[in-house]
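Down below are the structures I want you to see.
Note that subunit A is present in both complexes that follow, paired respectively with subunit B and with subunit C.
Presenting the complex of A and B:
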């Protein structure tokens, strides 16, 4: 050990303790690091390098035989577990006899008949012990109905240890990762790289959203899809859409998400853009919870991929590219306003328009309110006229004092001072939820807290069929 | 009192003996100490994996993708070959795909063409560049197929808790604590290099990321003969401050793995140079 240590030191050229010299022998130069020190630059330095002796030993022609290996036997994919039947809180209205969502209308219109019902439909009531144990053994949700043949085959082997490979094989046998396990229903929308369908899982009978990503790309699987999968894979939070399963076929990669009846936009349309302020608070809190957990997922692709300008912070509109989680918080402020007032805060159609709208309402920024803004060349056209900020009460008359305070903290020009999700959840505006709300376990719903429930929205129409024209594309695509 | 003395001071080693010998080594490592310098303790498979990981490193440097993408690529590579057998797949195709995939995971996608050209150049430095022909397009297809194969084999678990951020935190805290005289010492860079080098072997998938980062930091301080300031008077050793549940034996076991890697690396490279 000591010898090895000595040799390492030799290689590093560091035999002399406290040597002030900056010259390293050949050993260290292989590990040479940029001079600016580790703290700023090391993450992108990429210096650790074993110089390859590239002459002889690699010329075995490895690049000439390319086995087109696509193992189809053992690679079937399953990852997360289907819904465990808990009531979901996300933007679903409380049971209300007056509300007829498009979903229920549709179901009663007979689409149900098209489902291929699993033969063991009544299984839930008479589930036996071995099924229960088997579910537990495979860490499956309790309400998943396992095929009888599967139970018969696996129940006798209960006491044997289970390897990862066996578990995966078992899950594949149940039907995870298989395209046959899901019935495609309506098409919900189409984006640049994916098509989203409403579907139904034959394993659980739950509705799911099937996001079918086409794979005919020159550069392989889209970067966004890979990030989406790898980030959502382990993210289980009550306010983040759950990824249940991934199906890979030759032509496509399908992500199976939990199905949400409507998004916020549809919800607001359905209640005629007049939400109760209690529900605004509830929705805003859930939005913050999700963001506090997800920590700004799309970072580098933000500016090109985001659909609308309306929720972009001014520093991004002015060309800033090193994004952080504060960029999301500006959008949260905009959405907060939109929920309360029923109309978008800054509905700009171009970048210039968007910035003008922002400055007109919140005042033209100065170096004090937005450090460095006056030296930004992009800002030059907006120097005059100099707008004064409007008082929050004039912008959003429905806000109470706490709401106005939170609103102005979210829409801070200085991104360093802009409130981020976790502290925002402890803002006095949310004190009615109690002290526990900000620290709920990730999988728990806000509605599990005593006294928290949705109110009836004043603008709610008796029928949810009439939808206004699509104002903006859903973020699902 | 040397740094190692200080860290093992609870055993109160007498002046003459070397406290390093007190540290228990894994069997393979301790047998290496007694054997000759250039003996390699790796199996031929481990050697092959190491060479291919070095190939990833070289390509990553040429593609200017940065340490995180490189480390992610090596991690994917070792993860993949911990599931499948080396002889079933062409390790260089897997390596290229891992690099390609890692660049996407870190949101700095590299063009598939660049990956192929750089890999080809690295493996066949004397051959002319690849033409856009049948060979090239079959390579593209292979990479695209392998990309999804790797995703599926790893169950789409494509990222993990990288040790780099831990090391950054440890180094930053230590630098602020240490007296200014150490500012010119290269221990930070050495630690960073050691950690990056760990991704050339299975060390990267076998150990807890925070512990690995700490071991790199520990080894770097020791190589530079730097003592943590005021450690003699501290209530607990500095590494306990960073990771509450780590034991000295954990660190020494990791340090032994890292030292063994460097020994083997020397042996492998000196062996293969014609």
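Presenting the complex of A and C:
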């Protein structure tokens, strides 16, 4: 069983950035998918660069950021969560009477005291205001805990202009870029050039993933690391994993990433591969958002090794050497199916097998459906038998009409006509999210939209009931 | 189950992706380039390094990149790295300038190429005047001085978008692009050209290439279109175009001078190459 799971994870490439069984770096070296470009964005580490808001995040992050979501959910979750000790809403002027979060030391003069003594409010507000302003002045994340000594030193200088040099000095004073600011917890995995640890930031108390890259190589800093940093440092998006900090020492370079509880594969494992269709829609949308954002940062660095076999589009399987952003969308279609049905769409073991599976399901391509295919010598062995396409409803019975339409547009043989991320987000399938969803500001979560929330997955293992395997799966329509 | 990756020896290349030709990409680049402007006279604050030294080292870098057939952006990107390091680090000794330049090429090549320049090769190109360890140390120095901001907006980022907007026939586009690429790669040799923004450089190089194949009246028309596209000042665009033409002229005359000095080849400088090729046999 364990072995099977491991294999599943390998082929899916859907792992959290630094899961034990298969680290990011192993992924890189084993499959040699090291470069940037569209393929890298999605698949050089599976989807690990894309963050989906899964239930755990929903509990800890989204609730804080969007208090109105709170109204519709179980508030007990919030107060029971250990990270709620320092809720983000504490910067708001109006205290929330419902919040009974367990208070940490620094909050002893917090919420409860505010009702008792007005003087406390003014004191607290003043303190927070200067801390808040200082954070703003230095463009720091709002949840960063600034040392009191730092505030005392810098608050009086608030009105003086700030030079880049001063800002940098201030950042280093707070603790950015310093090894001491992070505590290493468990080792999550080791790859050819990096070791990944779970860690904790002493600045924010948040969990982080520490990727320690060794520099003692013939060729110095690995080019994958250089590219990774230079791409991610500019990408601030709710659905792309965040690079928080870079620490450079003599022997190593440590990248501090946002810590993610689990990846899509683990999520699917945890719910017995039976997701609610509402959640499938939510996850697909977030995947598209992440891809659309990555695509708007153009870089022309492409690699020569692309995409895990099961998610590789037919034109690449047929030896096409030119590729572009559409290459990712085929994989999105495959994952869409996989989330809905719980099993992979084209689990081929070789290139031939993979092509055979694709043609059998979607029909043998013609020059009309895939321009130029018949003149491609690589296609010759697949000319016969000629398969007819299966109807989408037979492939994926859980898809409604809109889902089926989007699915077939993502799995278009003609890469020129294959739907790309941005228009896909405006597809009727997502109309329930409202018109604003496709144009949310990059930092905002999809859960900031009214009424958008995760559903309970039907396959989620509740205590006492073991998951029922095939029989239960066949009940889903 | 094993994942089979069919590795080939061919270097796979991206085809022209319409996504990168969208207006939003142009606007985003125009917005971003304002943040990566290198100040004029950035060498003034250097205590030891003089402008002519930058010219010498730039020439060497350009030749290494050309000989190694690096990707087209590598030279320009390494010059961007070099200039930016010189802006933030005041006291670089002249003896370290080539080392710095090598480290910049090393990083730029890692970023842009499928098969990057190796440390060994680069050390050889310096005639072993630097060691591998020095190169690796300085690579980290460069990366941290640049704060890992390694994808600045370059003139190349504008080239294809602007060319696309001119709506020229396909063959003309290909020809113009080739010319413009070579011009863009000549410009960083002159330290005074750092003041022009990448969008102006791309437009100016396109203008200069257009002037080469058409009359000045039509060239002026195109330069106006380009000016509107990037929202630049006409005067600056014209000035930059003049500088491009001057630089290209300098380089051409230098090469023809060199070849005319060469005794076994009694070539006439003005003769087109293809005609020469025929007359050899």
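Simple rule for what comes next: the second predicted complex is superposed on the first by the 303 of 477 C-alpha atoms of A that agree within 3 Å, B and C clash if a C-alpha of one lies under 4 Å from a C-alpha of the other, contacts with A are read in each partner's own complex, and residues count from 1 in each chain.
Everything below uses one rule, namely that a residue touches a chain if its C-beta (ideal position, glycine included) is under 8 Å from a C-beta of that chain, and two chains touch if they have at least 3 such contacts.
On a predicted model such as this, the values are computed, not experimentally measured, just so you know.
In the superposition on chain A, A:226 makes contact with both subunit B and subunit C. The larger set of touched subunit A residues comes from B, when the choice is between subunit B and subunit C. When the two complexes are overlaid on their common chain A, residue A:218 makes contact with subunit B and with subunit C alike.
When the two structures are aligned on the shared chain, A:420 is found in touch with subunit C, with no touch to subunit B. Judged by the touch definition given at the top, the superposed model places A:246 against both subunit B and subunit C.
Touch criterion met: A:234 reaches subunit B and subunit C at once. Of the residues of subunit A, those at positions 7, 11, 31, 33, 37-38, 215, 218-221, 223, 226-227, 229-231, 233-234, 246, 248, 253, 299-301 touch subunit B in one of the two structures and subunit C in the other. Of all residues in subunit A, those touching subunit B in their complex are 1-5, 7-9, 11-12, 14, 17-18, 20, 22, 24, 28, 31, 33, 37-39, 42-59, 62-71, 75-79, 168, 215, 218-221, 223, 226-227, 229-231, 233-234, 246, 248, 253, 299-301. Of all the residues in subunit C, the ones that touch subunit A in their complex are 1-8, 10-17, 19-20, 24-25, 28, 73, 106-107, 110-112, 114, 116, 118-119, 132, 135-136, 139-140, 143-144, 148-151, 157. Of all the residues in subunit B, the ones that touch subunit A in their complex are 18, 20-21, 23, 25, 29-30, 32-33, 37, 51, 54-55, 57-58, 60-61, 64-68, 70, 88-93, 100-101, 104-105, 107-109, 111-112, 119-120, 122-125, 135, 138-149, 151-153, 155-159, 164, 168, 171-172, 175, 181, 184-186, 188-190, 192-193, 196-197, 200, 219, 222-225, 256, 259-260, 262-263, 265-266, 269, 272-274. Against subunit C, the residues of subunit A that register as touching in their complex are 7, 10-11, 30-33, 35, 37-38, 215, 218-221, 223, 226-227, 229-231, 233-234, 246, 248, 253, 295-296, 298-306, 308-309, 321-325, 347, 349-351, 420.
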